[in-house]
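We call the chains A, B, C and D, going by the order they appear; numbering starts again at 1 in every chain.
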Amino acid sequence: ADFKPAVAYDSAGKFDKSFNQAVFQNGATKFTEDTKIAVRDFVPSNDAQREQGLARLARGGYNPIVAVGFMYGSALEKIAKKYPDTQFVIIDSVVDLPNVKSLLFKEHEGSFLVGALAALKSENQKVGFVGGMDVPLIRKFACGYEQGAKYINKEVEVFQNMTGSTNAAWSDPARGAELTKSQFSQGVDVVFAAAGGTGVGVYQAAKDGGKYAIGVDSNQNHLHPGVMLTSMVKLVGLATYDIFKKAESGNFSAGIDVRGLKEKGVDWALDEYNRALVTPEMEAEINSVKAKIVTGEIVVHDYMADNSCQY
Amino acid sequence: MYENLILILDATLRVSTPLILAALAGLFSERSGIVNIALEGKILFAAFAAAAAASVTGSVWLGLLSAIAVACSLSMLHGFASITHKGDQIVSGVAINMLAVGLTVTLGRYWFGLGGQTPALLDSQRFLPITLPGADALADVPVLGLLYSELISGHNIIVYMALLSVPICWWVIFKTRFGLRLRAAGENPHAVDTAGISVAWIRYRALLVAGLLTGIAGAYLSTAHSAGFVPNMSAGKGFIALAALIFGKWRPVPVLFGCLLFGFLDAVAIRLQGTELPIIGEIPVQLIEVLPYILTVLLLAGFIGRAVGPKAVGIPYVKSR
Amino acid sequence: MSTVSNEQRFALELRGIDKRFGAVHANNNIDLQVPVGTIHGIIGENGAGKSTLMNIIYGFYIADAGEIKIEGIPRKLLSSKEAISYGIGMVHQHFMLIDNFSVLENVILGAENGPLLKPSLAAARTELERLAKEYQLDVPIDALIEDLPVGLQQRVEILKALYRGAKILILDEPTGVLTPQETEHLFHIFDALRREGVTIILITHKLREILAATDNVSVMRQGAMVAHRKTADTNKEELAELMVGRKVRLKVDKKVANPKQILLSTDQLTYTDQMGVDRLKSVSINIKAGEIVGIAGVSGNGQSELINMLAGLLTPTSGSISIGNTHIDAGHPATPDSIRQLRVGHIPEDRLTMGLIKSFSAEESAILGHQNQPKYNGKILNKLKVITQECTRLMKEWDVRPQNPKLRSSLFSGGNQQKLIIAREVDQNPNILLIGQPTRGVDIGAIEFIHKRIVELRDKGKGILLVSVELDEIMTLADRIIVMFDGHIVGEVSAAQANEKILGMMMANIMPDELQATTGGKQ
Amino acid sequence: MNDSKIPVWVNVFVLPMVNILLAFAFSAIIFIAVDVDPIEAAQVMIRGAFGYQEGIGYTLYYATNFMFTGLAVAVAFSAGLFNIGGEGQAYMGGLGVGIACLALDSSLPFWAILPITMFASMAFGALWALIPAYLQAYRGSHIVITTIMFNFIAASLMVYLMVNVFKLDGQMAPVSRIIEDSAKLPMFHEMAAWIDWSFESSPLNLSFFIALVCCLLVWILLWRTRWGYAIRAMGSSPTAAEYGGINYKKLTIIVMLISGALSGLLGINEVQGYSHQLKLDFVAGYGFTGIAVCLIGRNHPVGIILASLLFGVLYQGGAELSFDFPNIDREMIQVIQALVVLFSGALAFMLVKPTEHFFVFLDKRKTLSLKQTNPET
């Protein structure tokens, strides 16, 4: 009864249909269901409140505290120093302190897989990418996706669009739809959205246009069966669940934890909703690519390593 | 090339539709003397109402009706503050915008538990594209076929409604009694009052028309262009519409062209994005994104000279000497 | 003229009308009877409550108490709409026209006969043509109001009322904007209307017009009705006394002027406004020390532009102004500030929008234009004490009431506002004083006071330019009178030569025969 | 309206309070609608804002931002200019501070950096206001529209710079490096420690005092100098101002520069005082809220201080509230704010008439009773 875990979500909130929601559903909620231990949560309404929220949780005796999203980086650094006895986890960023676990994902590896699948599926040899806010993290998705597509076929053309450069870019499905339609009009027939709420518009456009779309972060295959080719899942929920479990049994470990395909941090989703779209050949091909990445035979370039997509 | 142009124009129509409706809404209210920076909030709330009602009742038409009802209610609030109580019209506009952002999400979360989103709408709960007669048959006719099947046919009903509303608005404003009184109220409300006509009632009616139009614009966003409501989905369209209104000097047809221009810019920007241009290289996405704003400022500053609005716009009407 | 018999029908009867605006008791228990088919004059000082009373009859304001009978039937007027339907029409002091509408559109506004405009417009066109013929009320039906001179705008207002079938026509100071000839024409129209059985209520400040045009006259003072007279039985002096409550002298004593050197001269001044309209056309005048130069003309004929240009508010399009050694033209524009430095004072035509700032305290308004003077400022901070002291002194010297420098400017009455502005400008001891409409909206008592001070200034050797639409005022004060029409100077007459008829003709751009010889010789 | 019989204290204090209370009453209805006990919520808010030192610190820290943007709106408004561009100007001001700090923090001591950063924040904010000001003065473009446009442009420019220029390699978030201690503004708890007062740590910092000084300076400027005279004259009556020798074009530019500079100072609080790095979206709507602050504060520095406190309480108390009540989120707080703007701003006159009638009624009763006591009057 003394175990009081907490999650501080990013400002998009825990129902963003992708990233935060994955932590909420597959992490916090699942943990509560399994253990009947309540998970406290917090959503900041502005930047200043991140630090404040973390401090409040720490002072309230919550432990461990998971901070979702790189935006928490500097706030967590300050608070973790102030509360050395509390254990913190930060997702998507690195905070180098003895009581902080930094959880990173190799989104580029997952994106590589779905990029490869997109190239296999595309009849026109043209695939598209629609990003949300133009930040390096999203370019990392795009870069991995491009590499995957080109790995299948050097001639594949990859169209990339970013929805915008402000926070609104995460929640502008109308623009997402327009970007997607524009790509379709240029011949694209598979599109991958890494755009938060904007993705909804991308998938809808794919549905309306009779094309294929790829979901992100959570498994979004169920949104439009027959349209959603697959989803690049980032298993943040699972990771959170693991951490809570470990912490509950007193096995919290600080340090950097990078999860790629090998560590089951990212993956592609194949379930009853997209089964019909993925032929056995494709499945085999993707699985072999996946194996090669896991063994290190294929090294996927990380955009954020050098801030460029040269590979 | 030609095909590309048609596709860009096609996108222009889709993107411009909410702008046209909202700008015409602004036209009605500003012509009657009420500055309307609340367009943004009205569209947003209407979009929420449309999606929420469509998803609960399963009928897109009920969604549209609720959107109109909600936008009209906000208009009445606007009127209550700025007509009945003679408050500052810009301030009540700002308040309505804030209210819309907050209340849509609060209610949405409480009702649907999806963090402010509404559930995704099924096809039966949306306005779907309409294929005009003969579009498929004519599609292969050179030049005209594509024009007809891609650009003219294949939009949802609201797109056609928006285009149709331009001549209707023109006719109402310039050819009817209501229009005459409306324009008079925006120019010289004292004259209207002494002619035995209630300025307040005219302005309220103008705001109701604005509510109707923004309601349709909102419904377009969430039930036609997209399939559901997402927080903040109006994304500045109300402000762009306002710019287009000024741009078109408060006249329906030029306003239409203003909206189409901004829509066109948007459509082109989407296609220009990420392309390497000779010499300049890749244009930063941010630059393309602000192009409509920069252009509006430039046009406001220079090419179109002074945009002189209705004389009495923004001034609460008070009987006096 | 007409005799009021006992069985006479009244078009309008008021009993005990009362109206307050906050603390102001604008109408106090007013009774009034207007017989059918007569012209009834109402006079009173500014703020006496005339417009308020008329607005009550017109249903624009609702009286706090009292009753109204129209054609013998008691009516409760709750809106202008009802008043119009009972046959009341009103031409307001400030015209109620939509500038960018055509005459036709203005006429049908509120009197359309259906939801569509087309039939209404057609019907109105026919009716207007009939009215125009019947009453000599010609107007270009399709012209925009903003393109019409004020005289025609006023006709549109009258047509509006007639089109609505007005049987009782109220005109609030209709002659302020007209030339004597136009006024004459207006009175002819009144006669025609009266013959048709229309009752007319005429508000004016000009006693002469009351005597010339009305059958009966009522006098208001401070919200109350103080007297009713048959016009035939009264005279100017009595009316003036009734209005002000004491005897008034209508003439200023002044010696013959003794002009000295030229202080200011203009050479071929031209001004084209933003709309491309030529407002001033080759205007050359000069002002000498120790004289008052009057500019006469119907308002809107370039006088405002001329005085504003001399004050540095407008830049000449071509031509030049010389003040002492300073030369001003398009290339060397002046500003209000630089003009003030040249010791030119300016009493603007419109005191409420230009002369003072309504929301400022009197003392703040009393430094407008001089706010940067060292005596009011330290290095950074204002010298508040000095500002208050100076304003108190001015108020004492000029009898501005209430004598409270902290009171908000808008709370002073029109006459007192005007006195404060004149005091401010005169107190700077300027060499040249530009005066626009010094007594517009000022009561007779204050007029007398202001006129005296202006003549005193002249006698001290100042050069004064006086713009006024009141011919009486110009003729009383000016030593030379320049008449303007459509932006140019029609001619000049000396005070001795001037009379109403001559000036009136010149204001209509006709050179009277008497003058041909003299001015011809002079030029 | 103000010539009425309503006593000054009612007009200045009671009516604004009643308006705010009305806003709260309507908020309460919405609270009840989403199953939250409004009284409990109010208690949480008040306790969160004032109940402990850190809360107070946060409240005042938010208030600092509102003072800057509120003053900015007020100065422009006094001159009759509606500056809706506080958001973009503050953003640019922060950029200026950030650049100055990043360039100088390792080479100069604090006392040398502070004037430079203050200058930078003001200069950047002012420059961002300059273009709309110029367009208004010389081209007649609506300042409301151009400043709205410039908000969008500033946001995009910032993103471009953050992503392409300031972001650290290998760093996830588009944030700059954290500035050195030498450039950081002293935090309030640090300053308190100098005088042996132990105050809980909070983001409250020196800029709070800078903001207070700005309030004083703005008051002096507007009400005690000839320039303020000119500004107010132009705002009250442009024609009279022109007559008074006040140059509309020049003054428009100057006023907007001052307004922009005040908005820009927000950057001091956010970048140098609180987050110690450049990041996206640090303005977070404070610019827009400044409009509300100015309105509720009746355009007067003292009113602005009080209104800033009110909004500080709403922000901080609201944060506390959303922390404790799962049904309440930041959007709910925005609803309260919107209602406050609606009732205190747009519906500010709603209660004037009834109040006036009330006092006229009181007046009549008084004169009546006077008459009864001494019948000869």
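Convention: a contact is a pair of C-beta atoms (placed from the backbone, for glycine too) under 8 Å apart; a residue touches a chain by one contact, two chains touch by 3 or more.
Here the structure is a predicted model, which means the values were calculated and not measured.
Taking the CA centroid of chain C as reference, the farthest chain centroid is that of A. Between the CA-based centres of chain B and chain C the separation comes to 46 Å, rounded to the whole angstrom.
Annotation: 46 Å between the Cα-based centres of chain C and chain D. Chain centres here are Cα averages; for chain A and chain B they lie 35 Å apart. In terms of their C-alpha centroids, the spacing between chain A and chain C amounts to 76 Å. Touching two or more other chains at once are residues 156, 159-160, 329, 333 of chain D. Multi-chain contact residues, meaning those touching two or more other chains, occur in chain A at positions 13, 134, 165. Contacting chain pairs in the structure are A-B, A-D, B-C, B-D, C-D.
Residues 13, 42-49, 51-53, 55-56, 70-71, 73-74, 82, 92-94, 133-137, 165-167, 304-307 of chain A are the ones touching chain D in the complex. If you check the complex, the residues on chain B that touch chain A are 4, 7, 11, 14-15, 109, 113-117, 120, 129, 221, 225-228, 230-233, 235-236, 266-267, 270-271, 273-274, 285-286, 289. In the complex of the two chains, the chain C residues touching chain B come out as 51, 58-61, 79-84, 90, 92, 94, 96-101, 105-106, 108-112, 114-118, 120, 160. By the touch criterion stated above, chain D contacts chain B in their complex at residues 30, 33-35, 82, 84, 131, 135, 139-142, 144-146, 148-150, 152-153, 156-157, 159-160, 164, 288, 291-292, 295, 327, 329, 331-335, 337-339, 341-342, 345-350.
Interface residues of chain D facing chain A in the complex, by the touch rule stated above, are 54, 58, 61-62, 155-156, 159-160, 163, 167, 169-175, 178, 201, 203, 274-277, 279-282, 284-285, 315, 318-319, 322-323, 329-330, 333.
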